[in-house]
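Order as written gives the chain letters A, B, C, D and E; numbering starts at 1 within each chain.
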């Protein structure tokens, strides 16, 4: 899932400062699940923005709407009927959503209200951790299901660096050393030998090294 | 002989090699390099020139290496994969070689978080093992990483680092084996304070016959004080400083502690000389280069053999 | 792989004991068993153990079979006479059940039908011989059967009280094997070294020996076993471990998993008895690395 | 009260239970019976019910306001369909036998039609002499009733004092005064009778040495309560009667009139007085001034109840209440100051001391009133030596006449929790003379079918109650009505006088129907007490009961802001506005119900568990009785005789036999509880049985915890080292099995509080004092020459046990006191036991060389078992590992989770008869719940809008009860039957896909908006 | 600001604080009339949105009053509420509104005195702070 968190209020306020009528658009997908931009967060942010404008002695009109998915043109179309009654759009979706809106409503200033962070998994309620960097060439099959690209601070492919301490990464005792995890996992699977296989230099093209990526499924294209 | 490296020749001759290191200055004064290197002259076989050590910007390691080379000494070019991608690294390698540098050490490098450019994007196009592999391929197959032929391949004597103390311990030998498999000719270890553990490590290394495949230089660091020992124990990741060492340093007055530290270093060398698979020493006297000659002498490693005589 | 094959070829087998509902709602049973898909080798189904009336093991076995698992059903002499038992065993085979364990029926002291009449027409050895006979194509009266069943039949050992008792049970097991038992299920002991000794004793009988891992669920239960079954080897330390744990249920899962792991090299298989905690079986298997 | 007459009519058929006495005990018994669908007649000679408790300011040990704790019970009593309340009524004769008594009831004229009386207070204002109100110290008439929520909600007239009946009738606007009212006699069929007449408090006026009632500043504990009470003579201000000044030094004198020494005294202990005085002293410090010096003169501090010892410690250590062990022999009043001089002697000093106090409170005990003695004689139940109802030695709620039961202080002096326990127990016993609860027909109130209001625009009616002067006396009801009228969507707004009077209720009902209203706002008192009442009103009017909103104008406005009428009015506008805008968003809702499982699970097969199981099984309930040992019997099995000399072994054997053969009881010995789930009424518990640990799951509607306690065996005074050092329990067995050993002894020493009332086990074990006295008496009988010394800290032979204590002293048993910081020492030399103790009176150490040292070790909680169960069932425990009941005062056998009850020593240490009583009480409470066909879960459940749900799992993780799950359609689903209605999921749902019905976001937002909108 | 009368909203749990408020009433304990109560089944039901709404509508102070720690009828609704209050306090702070205007308070049903004292103290605190800087613009 894509994870995101709300931008500092100050930054959001600065974006919309010149406008009186704002469309606050949430998304019912990933950002809802990571509690950054679903219906509830939309409501909270709207409330906060209204409070702020009252504090400035200003009246601001905020229309709240949460789309099923902001990265699909059909859902984004829902805004079309009302978009003329607004001065700016504040999107609480991930970067994909913001860009889909910007692509569709070209005349309209569109601002992001969240910072899109990473593809992560929920560790437990309220905690999300990065798990995938979309490198386009998945090697989880040989690293025991733990990704060294996303989870090793140095994206090392051949083992831990010398900074590992008690299974934790040198950058912080909060961060697990991915290679320690991989090693433990390989041992548990009886696949220790795998470790000594050299992993050759990675082809970074599928991860964006070859420019913006795109998937075309010819069979599905209409 | 794979290369013209002085270090290779000494090691191949069966002598115990001695290396030390020299961190380039944070500025453009070549004399700084010379001053530091001069302290080591005659007492070591080669000098490691660090590459943006602790993720702080310094004079590039190949440039400093060239200055040292000009002094008639033998630099070991350190290269970390943090700051350059495979193109930049290869161009630096052939550049350095063209200026007479023939020995290098491949590392991944400290994370930028620890340095003075914490906001920098770290590159990590390759990791240290892949770098070793790349250099070896450049030398032995005469090919760039991308597959193209090299006109006059760099004949680098390739080194890698090994930390016998980092966790998980049961992975350390495998990791060394992997580096050897990738093409490492020699290995320099992390500073050794826990000699017992190191000996155990070496036993495992020998059990796998790795001592036959690589030259291993044991890392030695003299402690300036008990405070430094404690700091290394608690703050430096991957460092194993036994309490006895700290206690021993604390057992003498503050003024005597540096002397005691040197004593410990010398004793360590004496003991490790006997360990199977140890082919030399890498003395890392952090900001204390002036003491290196003394250690080398006291440890009975002086004078250094002259290469011409081999 | 079939249980028989696995056990006889010396591979480690994982059996799980599941309770059959008192009633006809099998949804929970089916849900639980589905979570174990491809993780276990067989499902052991006791028959009205403790004297509590519920769906018969035969019926339960058929349900389990339908779900694609290999059932192992208990047969015993307390509630049925030789007519009923032979009939059921034949029916079992027809329904795809190929494994039996001959057990002693539990006492009726805590039964929900304490007034029921017990039958005890056949004892354990009789039952084993009966199976042998049926397999030869003859019923107990000597009449021919139309088609011979083929079973993989095990027997059960009583909880071991002490060394003397161990010898007695060993001798009995010997007889049971002579009467046709092809594997032995040994009741749980929580002290692994002691259990290893017991298991080794039975291993000398040269048939596969299956150890039982019994799920402790709380302090009260552990305390009860430690007081009332001195042979169980359930120590105060183990009780203390549960008591001190932050999450006691998880700790209990860990304990069971640890036992499974330590029995892996010792016994030919384990029977996990998690009755009531079926929903935690996947966690136990995960934790045991199975 | 709406249909007293109709109820009378309906109730003429079917058997009933007659409960005599409307104190807390009687109310509890009546409510328990009514809840379990038994018809009850509750009679009281007074004109309103409530008894002594309603006159107390606060109750120990929670120091809660009494009114607040008792009032829900009172209002509940008027709601119960099965309950027929007859004030001013007495039982004249009782003929026939259990199951078919004929009771003759005589009702005195009230001269007021309760149907019409609104309790406006006008009659009292005009004719204070003739209209009855609170007796005693109260010089003012707060609302002309004994307490604000009097039941029935009406006055009564003392016709003897009426001079001009016409004039009186004239002041009554409700035309409620009946000049011709007459005494009425009725004969009713009753199956059983519960006596709960309570007792009076001793009037110390006879005690010359304490002033004989002449000194202004000498009051009784009850009078002191009234002085401190908000509804008392000084509006809750603590002042002296003589000069209305705040006292600086107050003394309490214990045992005034009890534990007989003086003229007019009784010999027994009144049990509750020590705690009452401690409470009063603490409240004095807490509420009035830290620096008021409080002193208690006492003989033995008898804080033997659950956690009462901790209360005593708090009084001494945290509040600095001075405790003097002495019995003062006189009080002298100083002429000018009206201060009081108390003369007393300390036990270790020969000199007398005199000290001056501003106020003296006499701690008076209970007395049986003549009327109770008469009643007992009339109906033929035996009395004991002290004129209390004589009770069975094993089952203290059973009287000498079959079918007649007793509870509360009528049986023996006791405090409120014990009264509540006995009341429930008596109710349970009384019910057993009626058909089994499971066979009874369900009675449902008939309501008209609900109108469909969906899609209609809100038509709101606002009805504002003045609650006498409680609301109307502070704010102008008219202005509130005007304000409400001006609010959007409000169709009708009216003032309705006492909104909860039957007359007003009718008026509202008519207004709802007449104006086609679809939403109602009631401005009145707290919805906590009155919401159900108005919900019923809506149902009668054909509206869904969730379309009403109660605005709390009284408890949270006029009561608290009575001195700021202007602000209070402004606030009432805000509150009404919030209520009105909120109610507009209310939606009709259905209560969630589940069918009730009629089985019971009883955990623990000791005397308590067996008694409870038997009681329930006799009522047709299927009981699973679970015992972890291999035989039934528990701790009581090891006790041989009670203090009264009854054979416990025989009793236990009979009980076990009855239980074992009962067709409704399934006894599961060797059985452990291993898991638990479900909701009250539909629990599911996993059991494992026998060494094979066979698993089974049982469904049950209720659970009774009777897991008992463990005999304490502290590592103290050489216990376990020498065979001559034994516990009282072991001594009990020696006397029974080897009397010759006792005969061979010449000296025995007993040490009390061994392992109790000490830091590691701070509470009193309650049973040990009577056990020591019991054993001492029995040994003296076996061997009259035996010298017995009992070393004690306080002798706590409460109630009638005091008789045995006195008897022991008379027989020459020596009692020597020691203190916690100077405990006796035990030495063993050459196999001889030596006991050393400091004798306070002699002032030196004395030494004994007894043949036997008996330690009173008491009991301690079974920590391991209670901990296990508490975790599985989510129940709280006390600091010393006993289970903690839901309300220490009023719900002593209920646990915080509905449907789970607690009895016996698992709650706190107690004797066998006390455990039996609790077992009956728990069974009775359980039965009340089981009598319902369905479990009503209310309407406040979470509901998921699947189209909005993002299946994020937040609700699944956040729910404290793990109810939500993601269903096959991929969205969260919440089973309304399992949802507890906290709303955590709704508040955390990031997609706002969950709403908590009855508290939906738009409703809460509308209330917030209402608080700020619609004004000016 | 002497004459400033703050508007205060208290979200009270039915099982504890609301009962305590009733008890304060039955004891006739006086507290400032500025405090107005909205009843909720559990403070765990009080959404951040509700707290914000109160400020938007013109509250000068808001508090959420739930059961004592460990006493929640629903296990942990009160602690969840406490966490939410802290979250909203942070939003207020970011908006330049004193976070002290919002508070989580815990009490039991028996604490009538505590209810009154809390109401008094909270009102005084808000009085000190003065009117909320976001008073809605009166139309």
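General observations
By our rule, a contact is a pair of C-beta atoms (placed from the backbone, for glycine too) under 8 Å apart; a residue touches a chain by one contact, two chains touch by 3 or more.
This is a predicted model, so every value here is computed, not measured.
Counting only chains that touch, the fewest steps needed to get from chain B to chain C is 3. Annotation of chain A and chain D: jointly contacted by E, touch as defined at the top. Across D-E and A-E, it is D-E that has more C-beta pairs touching.
Per-chain CA centroids place chain C at a distance of 52 Å from chain D. Spacing of chain B relative to chain E, judged by their CA centroids, is 64 angstrom.
Chain centres here are Cα means. That of chain A falls 41 Å from that of chain B.
Contact with two or more other chains is made by no residue of chain B. Under the contact definition stated at the top, the residues of chain E that touch 2 or more other chains are 47-49, 53, 136. Contacts with at least two other chains are made by residues 958 of chain D.
Pairs of chains that satisfy the touch definition comprise A-B, A-D, A-E, C-D, D-E. Those residues of chain E that touch chain D in the shared complex are 7, 9, 14, 18-19, 21-31, 33, 36-42, 44-50, 53-54, 57-59, 73-77, 80, 84, 110, 112, 116, 136. Listing the residues of chain A that touch chain B in their complex gives 153-167, 170-171, 177, 179-180, 183-184, 192, 195-196, 198-202, 204. Listed in rising order, the residues of chain E touching chain A in the complex are 47-49, 52-53, 55-56, 91, 94-97, 133-137. Per the touch definition, chain A reaches chain E in the complex via residues 8-10, 40, 43-44, 47-48, 50-52, 54-55, 57, 59. Across the complex, chain D is touched by residues 28-29, 32-33, 35, 38-41, 43, 66, 122, 124-125 of chain A.
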